[in-house]
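After this come two complexes, each holding subunit A, first together with subunit B and then together with subunit C.
Showing the complex of A and B:
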């Protein structure tokens, strides 16, 4: 068993308005994350990637479906109770903009120490030093390249890159096995982004943890991830090894996404413009492909039967009748 | 007329200061750039480099705390710094248009989008009232808004971010300006939407002979859409070059490092190099002549001399004592 996380038939529906109407945020999601692996999660706004990330971070509950983490079923434990169990330490999240997610009234030291104090992991098995909280915070600061002298500073006294390091150290503090990174560098300039990407890559290899790397920047995902999962309107469109997905995308949506990467189009990819807007996620037709209406390759079959994920090459799956 | 045509826009040796409680911020120093008719130019830099301040200065919409301390701004032969507010108001929206980063924030939330386009036509194009609606719908059609008759009556909150940016473009282009300044027009939009919006802007610019100044932090976008690139760092223009030349033969150490830090299709993580150090504090009294010198590995004592502007090839200028 090399899988750290196995998600099966995961659904998340939000009731909307009167009656039984529902917004289908995530539908029939099934995939795995291996130990030590970095899985990229890409998709545009409204694709459900944030919802999926929050379900896996156990911040919200799925409507149904199964989440097996390290061999144990996790979906039966309500999100509200996860915070009081050891699970909270095993799955951690790095939030998008550290400027917004760090408490402005806490110093960097307090921000990093707090999750350990709350979860009681400061002296647990995950702490190699096994010493005091202060020693562990210092060790974490060293790991993420935050100068010790800055630990006493408040967020507003830190640069964007330094705040990002605090956010990462804080998530690593309880010793997680899975780190969910929600657009970890989108608030940073490219000059700083490069250092943070190097840091994240090094930490994953050193600590042997797994990443779910959520990003809209395919060039960044390509650098950071071994496999990529592409979502469109709540459903998995394609999943596979990074190079296969980006160099030979199977799903027409992935093809359009890859073709839209600046610099890519100039080189060799034909330009695919997607007409129209995504369909409504509220009670969509269960038998129509979600990409129908924008898909340049749609056929009659696409409105009669929902395409399911099919394996096209080892480990490379796409949900499309045409590909 | 004889001789070379004067540029459409000429920013010459522009310096801008902001007065703040903690001192004077020297946001722009000796910034020069030109745009010809119909040319697409990218203004590239990281946050704090002075891209937006340059745009606001050109539009003459700088914050009251800002002061233009020296330099000149000429647009279509007119001296923008000598113009009165009323004259500027006539110019903006008609000859000189700008679109902003967050289209939803720039649109009036309680006015139908069609009416907002009509407001521009009414103010600047003297369109007769009975023709307004037809022209507004034509403007919506031009930016390829599906079902323009219906969308005419929509409020901004009923439209997606991409649609709102199309409305902004329709408004900005309604009076056929000679220059469009686009300040990060696709930040926050999805990649496929970003590509569609920029394709549209490029196509309309070409069709109308309109010049565009695209302000972006994304070198990849600049490379994809613009003829020339102007690189800014800490309030200086450090390098100006035709796009393909800048990407293949950058001469300023900062441009080279910026290119090396940008994730690209053909680059591995090991090749990605961060840029050491931070922007200098622009309030400092002892700012060195080269504001990159403290981060630069080619620094020598010569760099303390006033910054040169070396023309290294046709249309390729670099402000560095030790170019690559």
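Showing the complex of A and C:
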């Protein structure tokens, strides 16, 4: 198997309010990420994509379910203990806002060097030269296109794009096999976005690492990812190869998303209005499709039975009774 | 770079420069006070009791004929020592409890906040009086009492500042870099809550000096004949009506200048340690 990560029946519920009420942030998530692959994770705010990303980054614990990383079960290890294990170096994350994610009192050099110093990977297999931390930081800065002269600067002395490069270099520093990117360009100017995206694409091909690319921008995902996973209210709506999902979406929610891409409206893809509000994620009916109430194609069956992921074409699955 | 920045902050803020100059004078008095004093601060000279300011006694003498200038100079070490000790103690304890409470949340947080609320529920000076009265009239107890009544301020500022940073991206990044919670608190959160704490420290130093002098003034602090600004004001207060104004005025003035100096210093200090104003 060349699967790097296999997630099976992953659930995350947050207790809310009095009693046993729970917010179902992620429900029954099952999917895989192959080695060297970039998987796009799309969905609207509140769809659970950030929660899923944080569970996989081992920053928070799942309620139940299994995460198998490189053949080993990872979900049994509590997130609080991951920091002291070799796993921490193998799964890294690029955070959403490069401004907020750098300690204002640390220089770019310190930010990039810290994970190596803490995780002891400065002389690990990822460092070809096996040299000092300083050499490795310089090498990383060169890889992400950060001028060496800027390494001594504090975050407030760097531009948004430069901060993003520091964030990427820091995540790459321990030599991860899986890099989770949580909307890495959403806080950047459009002109900078494109250069950062190309940098990320190039780095993945050079280093052979896998990406989980969280985004709400389908154009970005089309550029960056080989496969797409669409989430709606904590459940996977559709998963498949990028072209198949974006050009021939099966799930009505994906169809609406694709139809809403600016400049991509075509004759064969009518604009879909989604009426109404998403249902509450707090204790939703386990037998009703999450999309019910907004779905333009809903049928009586959708209220009585939760649609499960079905394979419609090789590698292309959707959770919908109608499609 | 650090020195340039210091100069820049001082040039921007003349009042900080004034406060800095005042502080320097106080520091000189603290370090060299006994050496600078022209007379023995404890030696009474009944022949020259209650002498007004003159070339021999610049600030006059008190009821026992002791030189007021000498007593003020010598007292600086004690007053600043009490204030610094108390502020250091409440800073360390307050930041440790407050930052943990803000970072961990949950019951740690509730417990810390109740502790602060409990202390704040008392009129603070009365609480300090009670503590000193109960524990005994020693310098160490004045320090503890002043530290305890200052604690809630540090605790609350540290808690609030840590709380708004607990979900900051850089804290999450620190966790991804393999830091434990304790290390994140000490190495990533603490340096970032230091600037707002500096202002608090400076304001509190002035307040702590006033508090220590206040305790001595009402007879619960340092005991006579030890030179201490609060006692000196208390001793001089009896003589104001009869016209010997210098006995109470000069120690009172010094006390006021010390508080004034620390209050002004607060803003300058914040500019100095906040990297966002670094050029």
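Simple rule for what comes next: the second predicted complex is superposed on the first by the 320 of 323 C-alpha atoms of A that agree within 3 Å, B and C clash if a C-alpha of one lies under 4 Å from a C-alpha of the other, contacts with A are read in each partner's own complex, and residues count from 1 in each chain.
To be clear about the criterion, contacts are C-beta pairs under 8 Å (C-beta built on N, C-alpha and C of every residue); 3 or more make two chains touch, one makes a residue touch a chain.
Note that the coordinates shown come from a computational prediction; the quantities given were computed from them, not determined experimentally.
Engineer: With the two structures overlaid on subunit A, would subunit B and subunit C clash, or do they fit side by side?
Structural biologist: Overlaying the two structures gives subunit B and subunit C room side by side.
Engineer: Tell me the contact category for A:191 with respect to subunit B and subunit C: first, second, both or neither.
Structural biologist: In the superposition, A:191 contacts subunit B only.
Engineer: With both complexes overlaid on chain A, does A:97 touch subunit B (first), subunit C (second), both or neither?
Structural biologist: A:97: touches subunit C, not subunit B.
Engineer: Tell me which partner A:245 touches in the superposition: subunit B (first), subunit C (second), both or neither.
Structural biologist: In the superposition, A:245 touches no partner, neither subunit B nor subunit C.
Engineer: Of the two partner chains, subunit B (first) and subunit C (second), which one does A:257 touch, if any: first, second, both, or neither?
Structural biologist: first
Engineer: Of the two partner chains, subunit B (first) and subunit C (second), which one does A:33 touch, if any: first, second, both, or neither?
Structural biologist: neither
Engineer: Quick one: is A:144 in contact with subunit B, with subunit C, with both, or with neither? Answer first, second, both or neither.
Structural biologist: In the superposed model, A:144 contacts neither subunit B nor subunit C.
Engineer: I'd like to know which partner A:219 touches here: subunit B for first, subunit C for second, both or neither.
Structural biologist: first
Engineer: A:277 in the overlay: touching subunit B, subunit C, both, or neither? Say first, second, both or neither.
Structural biologist: Only subunit B; A:277 stays clear of subunit C.
Engineer: In the overlay, work out which of subunit B or subunit C sits against more residues of subunit A.
Structural biologist: Residues of subunit A touched, subunit B against subunit C: more for B.
Engineer: In the overlaid three-chain picture, find the nearest pair of C-alpha atoms across subunit B and subunit C and give that distance in Å.
Structural biologist: 11
Engineer: Spell out the part of subunit A that touches subunit C in their complex, as residue ranges.
Structural biologist: Residue list for subunit A touching subunit C: 57, 59, 80, 83-84, 88-89, 92-93, 95-97, 99-105, 111, 114-115, 118-119, 154, 156, 167, 170-171, 174.
Engineer: Going by the contact rule at the top, pick out the subunit B residues touching subunit A in the complex.
Structural biologist: So the residues of subunit B touching subunit A come out as 46-47, 146, 160-163, 190-196, 199, 217-221, 223-224, 257-258, 261-265, 267-269, 272-275, 278.
Engineer: In the complex of these two chains, what residues of subunit A are touching subunit B?
Structural biologist: 44-45, 159, 189-195, 197-198, 201, 216-220, 222-224, 256-257, 259-267, 271, 273-277
Engineer: Where on subunit C does subunit A make contact in their complex?
Structural biologist: Contact set of subunit C toward subunit A: 168-170, 172-181, 188, 191-192, 275-276, 278.
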